[in-house]
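Below you'll find the structure, written out as structure tokens, and then a few comments.
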Amino acid sequence: MEIHRLFTNRLFTPALFVALCLVSTATNPYLQYLLNLILVYVVVAVGQMIILGFAGQFAFANAAFMGIGAYTVALLGSHFGISYWVSLPAAGVLCAIVGCIVGLPALRLRRVYLGLMTMGFAELCYWLFLHWRDLTLGTDGVKVEAPTFFGIRLDTDDAAFFVIVIATFAMVLLAKAILASRYGRAFIAIRENELVARCNGINVPLYKTLAFTLSGFYAGIGGGLFALAVRFVAPDTFNLLQVVLHFAIVMVGGVGTLSGALLGALFLTMLPEVLRGTQAAQEMMYGVLLVGVIVFMPKGVAGYLIERRILPPEVLVHGWREEVRERDGIPQADAKPSTAE
Amino acid sequence: MTEFVILVTAGLANGSLYALVALGLVLIYKAQDMVQFGFGEIFMAGAFIGYSAYAYLGLSYPASFLLAILAGGLVGLLIERGLIRPIAHFPHMTLVMVTVGLSFMLKGIFRIPFAQDVYTIPPMFGGSPIIIFDLIFASQNLLTTATSLVLTLGLLLLFAFTDLGKQMRATAENMFGAQYSGINIGLVFATTWGLASVMGAAAGILSAPITALFPDMGTRILIRGFAAAVLGGFGSVPGAIVGGYLIGVIETLFGFYVATALIDLSAFLVIMVVLIFWPRGLFGTKEITRV
Amino acid sequence: MRLGVEKGRVTALLGGNGCGKSSTLKCVVGMLGVTGGSIRFEDETIENLKPHQIFARGIAMVPQHRELFAGMTTAENILIGGMTRCPKRERKGRLAGILEHFPRLQDRVKSRAGNLSGGEQQMLATARALMSEPKLLLMDEPTAGLAPVVIDEIAQIVAELKARGETIFIVEQNVRVALRVADYVYVARQGRVVMQGAVDEFRDDHQLFLEYMGQGKDALISQHAHRSHR
């Protein structure tokens, strides 16, 4: 039984959407909240996956962008009374711009240095959230105004779900389209070997900047959705722990795969709920799990499932119809290019 | 003026600890091209093991110090042999993630006995200051700086004059060349981690009389270690040392003359500013990419 | 592949790309794992030992990409080669002895290894391997990537080593050099030995050139022509 065919089926995405909506109507408030959170983290995870998993840039500023997005939505709503429907896209755009700016020095930096610099930026943002009381109200936090939809106040988890699920699906489908285009291929080329990519005519600085901008956009929207889901934005959420979480989501999910972003978000959002006990016990189990997954599934959960042919391989090239066929027991990829690109 | 001197000596004392941590980080980075994100927890482990020896076993401070650094070195050795060696061929991102998971594990382990309170060790010389040339030095600061210098010097001598040290340098330079020259690189890696962890644990137990101990103290020191290594040029051993002292002094002066809230931020600011404007740091060399 | 190396002789393994010659050497020295077959040295089975253990038994290799310590000086590079098999007090003496045979390195003894020319780096890698006074010296394509003039120098060095009684196992793509220095030759193709024999049998053997079809036959024929015009 070829399980992975289930996922490549055209009907899978709408079916999943409907399934989630049905699940949402049947759950208690706590699970609803959890589901919202998972979806939010999917969006955030996609942002991190784009810059880290696909473009191969060791950038860890995602948590900062998420924070900026969340605060933008919260502050525009509570200070200026701006509607959520405006502040959410605004958060995305603002974070895209910030992402672009952060990406500029990153053009020269490699690996360790890039990682440290972006971590520095993340910590700077955390510090600003904490200490710029005039703007962010510091530790007091900012309450998020519920959006209204044709007069109905969407202030429950159930209501928030509908916004979040639609936004999440839209963002993921958008990501899929982008990654399957020449932009995605450029990212992967840069990740694999920057020098060779450059020699092949890819404008590396341009595409790197694009990757940063895109990841900023996703994290910003994710942050805005996060604000909606938790209805209260405080600095402590966006400390180094958040940075580590995004990194872990990408690694556990599976670097370089979109399904990895989804799976990673799913597991790592649920994990704290599953791991009950003292903080010490939680930490130890979290650490053991992290190490365990990485050691035994170095390609992440998605990578593992793809190898086991449970998930379909991520064919990110438009216009190629790939059928994985077994010939003499050895899986072969039989690519037939179509005339159009 | 005296105020300035006090600040600088305090800064140098803190900086000497940052130098040790940076040294450990750079050693591992040079040998295996990876960043040990759990290194702050080695620092924390050294602090708590030393504390336990002092407070619960009743050992003297020097004995606690010795126990702490030996235990720390052992932990580092075990981690390398047991966890890192089998997966040494994994991609870098993965190895980094493993060290992150490691940091969680260590934090959790030490949180079990030490979550309740904040722990301190009294200073070694009863806190009475030493006076030289009308300048007042806190004796603990001097002790910390001196011990750290001794350790650092010991390490540098090891690299320059012993066979093992030269083998470590060779392995860091070219792992394959080292193997072809008959060097036991497994031993080199284990020793590298052991020595690096000794440095980290030493910094931990040395910090015990100065600051309060708590399980999350590792993160704070790790950042400063990074800042020091970046300032000195990541991958440079003398750079890490100099960078550590500089960060210590910068931090203290910044905190006093500008704003206390900036103390925590200064390390990150240094990282960002240095990487944006002088990515090679003070002593770093230009990296040549082989095509 | 079945290969044997005789003490005191130079044995060559020839073949085109991808026939597994470099891999064979790497297996001998422990850098590649062996999945089948066995390697014996002085009555001891050594496959699957760690590289430093094999080195301790007296097998040293000059690797294909030299793998020098670019940031260290020439002298330091050579000294590291002897670190495990030479007691401290003898090192200076041995170093001086080796440098006598490599006058070009003597001139560059304090230079950074990364700054040496291709030929000098090859000499340095060879000197480093010799520092351990190995019983068996392995050389992986020592002439690869070098200019013809330099190739001659390297060939000369190998000939000198041979004259001093070193046991050498050399893997080469350059047939001319191999035939010049070797006593016994193996020819490999796709992981198998297809020809072997004492070197005199090969010197004028056209069969050998046919084995190299598609491997720069024109160059080999012109080499052959060059020799017959001497």
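Descriptive notes on the structure:
In this document, chain identifiers A, B and C correspond to the written order of the chains, with residue numbering beginning at 1 in each.
Keep this in mind: contacts are C-beta pairs under 8 Å (C-beta built on N, C-alpha and C of every residue); 3 or more make two chains touch, one makes a residue touch a chain.
If you're wondering where the values come from, they're calculated on a predicted model, not measured in any experiment.
Chain contact topology: the protein chains form an open path, each linked only to its neighbours in the line. For chain pairs B-C and A-B, the one joined by more C-beta pairs in contact is A-B. Closest to the middle of the protein, by Cα centroid, lies chain B.
In this assembly, the C-alpha centroid of subunit A lies 53 Å from the C-alpha centroid of subunit C. One inter-chain figure worth recording: subunit B and subunit C are separated by 44 Å, centre to centre, where each centre is the mean of the chain's CA atoms.
If each chain is reduced to the centroid of its CA atoms, subunit A and subunit B end up 34 Å from each other. Within the complex, the subunit B residues that touch subunit C are 163, 166-167, 169-170, 173-174, 176-186.
Taken in their complex, subunit B has these residues touching subunit A: 29, 35, 83, 86-87, 90-94, 97-98, 100-109, 111-112, 115, 219, 223, 226, 230, 234, 261, 264-265, 268-269, 271-272, 275-276, 279, 287, 289, 291. Remark: subunit A residues 52, 58, 105, 108-113, 115-117, 119-121, 123-124, 127, 131, 195, 240, 244, 247-248, 251, 255, 278-291, 294-295, 298 touch subunit B in the complex.
Contacts from subunit C toward subunit B in the complex involve residues 29, 31, 50-52, 55-56, 60-61, 63, 66-72, 76, 79-81, 83-85, 88, 128-129, 132.
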